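Presented below are the structures under discussion, each in the form of structure tokens.
You will see chain A twice below: alongside chain B first, and alongside chain C after that.
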Partner chain A sequence: MTASPAPEAPIPLWEVFLRARNGLAHKHVGSVHAVDATLALQAARDVYTRRGEGLSIWVVPSAAIVASDPADKETLFEPTGSKIYRHPTFYEVPDDVGHM
Partner chain B sequence: MATTSITLDETPARALLLARADDALVLGHRLSEWTGRAPLLEEELALANIALDLIGQARALYQATELDEDALAYRRDAHQFRNALIVELPNGDFAVTIARLFLVSVASDLYWRAAVADPLLGPIAAKAEKETAYHVRHAAEWLVRLGDGTAESHRRAQDALDLLWPYTGELFEPVRSGPDPAALRPDWEEAVSAMIARATLRRPADGWMQSGGRAGRHTEHLGRMLAEMQVLPRTYPDARW
Partner chain C sequence: MYSQALNAPTPLADTSPEATRFQERIDAEERIEPNDWMPEAYRRTLVRQISQHAHSEIVGMLPEGNWITRAPSLKRKAALLAKVQDEGGHGLYLYAAAETLGVSREELVDQLLSGRAKYSSIFNYPTLTWADIGAIGWLVDGAAIMNQIPLCRCSYGPYARAMIRVCKEESFHQRQGYEIMLTLCRGTAEQKAMAQDALNRWWWPCLMMFGPPDSQSSHSDTSMRWKIKRFTNDALRQKFVDATVPQGHYLGLTFPDPDLRFEDGHWRFGAIDWEEFRRVLAGDGPCNRERLAARRQAHADGAWVREAARAHAAKQRAKAA
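Let's turn to the complex of A and B:
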């Protein structure tokens, strides 16, 4: 009987962000598995830019992202629902201002 | 007996184009064999992308012969193919696939850069060079990780280099026209040796080198590969899709 090999470490996950054009922000498009940052960039290029989608790629270790807890949804986001004065459409623009 | 094979008039210009085109087509087909079997989804797409780059290069080169590109790909027998033997070898394990892609892509990259000034190959070379530069990068990064990885990946990467090395000499055999491959060898040697060292692998010793692919003397593997690649157009010569 041969000894079975040690289980392989799971391959880390990376979040992929693409910037489609100059002047736009990088936008999250998905994730890739890769053993390190260099291969993560290559994998992101190979998986997410096959149809000319990007001019720039960011990859970020998924583990480095700090996310809000879905259970906190009401605490975090509901209070803004009643603050309609935070929307520009709340305000009437004086006639003298003309088009903004 | 009826045959679906073509005969062709091989001028020096066509011989040059076919050697390059067949290298690209055969390696592209080999890489496409990983589709559905790659070690991870990301690598499957990477290998498929490279395969598509290579098949695109092959198409451009076949078209430049002013013969029917489909007939060249699907209606020639093994002895009519002009590719180097290294590209027709089976994929082997992932290490063999990567080591082959690395050794061949470094040579191709140098060749395309030299061919940009060539009147016949220039426009094709300008596009191919950008693609091939990425193939080199991808294969080199993997070679380093395999060589400098676990004991098993190191062993497999070294075995792959040892297996493939006798097939590298053919990449630099002199040809009748176009850029001289032999002149590219010192640069290839330098680039390949540096990356092998980075991968903590041993550069195999130069010994007897395999040869014959450019003259149509192939390994048994090409015939089997072509049988699979060509079966549909050979069986249904007028099939359309």
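Let's turn to the complex of A and C:
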């Protein structure tokens, strides 16, 4: 095999979010590479909306996203497990009272 | 697909507590997400499989792209253009999924262009007539669907999500191909002969798309244990044959296999020429060199566009500062 040219400088990554229709929140659908926001929107439109999947697109530089660490899962989310009194089913209301 | 023939080495058994916990999560049908702990071999296997799959989608645009300007009607041309564009999209979804595992897009592209990466053997066969476009949609996309549907439940979240998008789009590919075949088979004797010839040439390479027989694919077990793979190569191949043979008979075509027969509820087929498969995968198929040359050319031709975009972005940033 012949040698290929040296790899080019990386093109930034953007996360793509689509609003499928008004009334729904934007939902993450994937990512694209683009040098700036205009081209990121264009690429997102070409790659993720070929069949009317969306009415609105957000693109966000992937580097701008701050994510929780999976290692902190217990610390962050376990405490709510024991707080069953935050759910309506915790409370007893006699059937005679009807739907509440 | 086109994630066939992953010649992954069998990883050593990892007995660390993390590995045990990882396997428990897999067994419980939990999805693994990018930042979760995963064994190195799981990561490597996925990078290899997802990137091979992505390369296959991209190279797969070439045999069909060959007929876009020569499609017999505007309707067929629009459909083929949309299909080839979809395949480009599939490649991009998949590259993005592979990148979540820590490999860069540039690296992946470089692996393809330098000839180090593999892609599905099927795309190294030529598209000689318009009927080949029908046969590819019907058979190649049909085989791809068979392989991709179980991947929608793959243990790695980003891969599974990409496959769900891909599968939604594949059905149109297969149906447009079958419709081309149907039209040819209802046409003149010459057109029907063209359809038969395409089936004769594509049938065996399509059966090879599912990869080596189970008896020869040692790494299959690990992929099954990790729920990257849900069915063996042979099981998927049989499913494809069972679904496809009646469709071919409906067209009034025959399959190029004298041993094909219906037995115990299945269409049993003759021996596959695995020597040919190995040859094509190793780089010696009818079109391997042409395909790589076309990809390299396209990448080189696009260099000035990427450069101009970078320069423009830098200038805008400087202006804004």
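Quick note on the criterion: the second predicted complex is superposed on the first by the 81 of 100 C-alpha atoms of A that agree within 3 Å, B and C clash if a C-alpha of one lies under 4 Å from a C-alpha of the other, contacts with A are read in each partner's own complex, and residues count from 1 in each chain.
We take it that a contact is a pair of C-beta atoms (placed from the backbone, for glycine too) under 8 Å apart; a residue touches a chain by one contact, two chains touch by 3 or more.
Because the structure is predicted, anything quoted here is derived from the model rather than measured.
In the superposition on chain A, contact of A:S31 is made with chain C only, not with chain B.
Residue contacts after overlaying the shared chain place A:L39 against chain B and chain C alike.
With both structures placed on the common chain, the touch criterion links A:A20 to neither chain B nor chain C. Once chain A of one complex is fitted onto chain A of the other, the partner contacts of A:P70 are limited to chain C, with no touch recorded for chain B. Look at A:V60: by the touch rule set out above, it reaches neither chain B nor chain C. Of the two partners, chain B and chain C, it is C that touches more residues of chain A.
When the two complexes are overlaid on their common chain A, residue A:I11 makes contact with chain B and with chain C alike.
On chain A, the surface touched by chain B in one complex and the surface touched by chain C in the other have residues 5, 11, 32-36, 39, 46-47, 50 in common. Chain B meets chain A in the complex at residues 40-43, 45-46, 49, 137-138, 141-142, 145, 152. By the touch criterion given at the top, residues 5, 11, 32-36, 38-39, 42-43, 46-47, 50 of chain A touch chain B in their complex. Touching chain C in their complex are the following residues of chain A: 1-5, 7-11, 13, 29-36, 39, 46-47, 50-51, 67, 69-70. The touching residues of chain C, when paired with chain A in their complex, are 33, 35-37, 82, 85-86, 89, 92-93, 96, 99, 104-107, 109-110, 113-116, 161-162, 165, 169, 292, 296, 300, 303, 306, 309-310, 312-313, 316.
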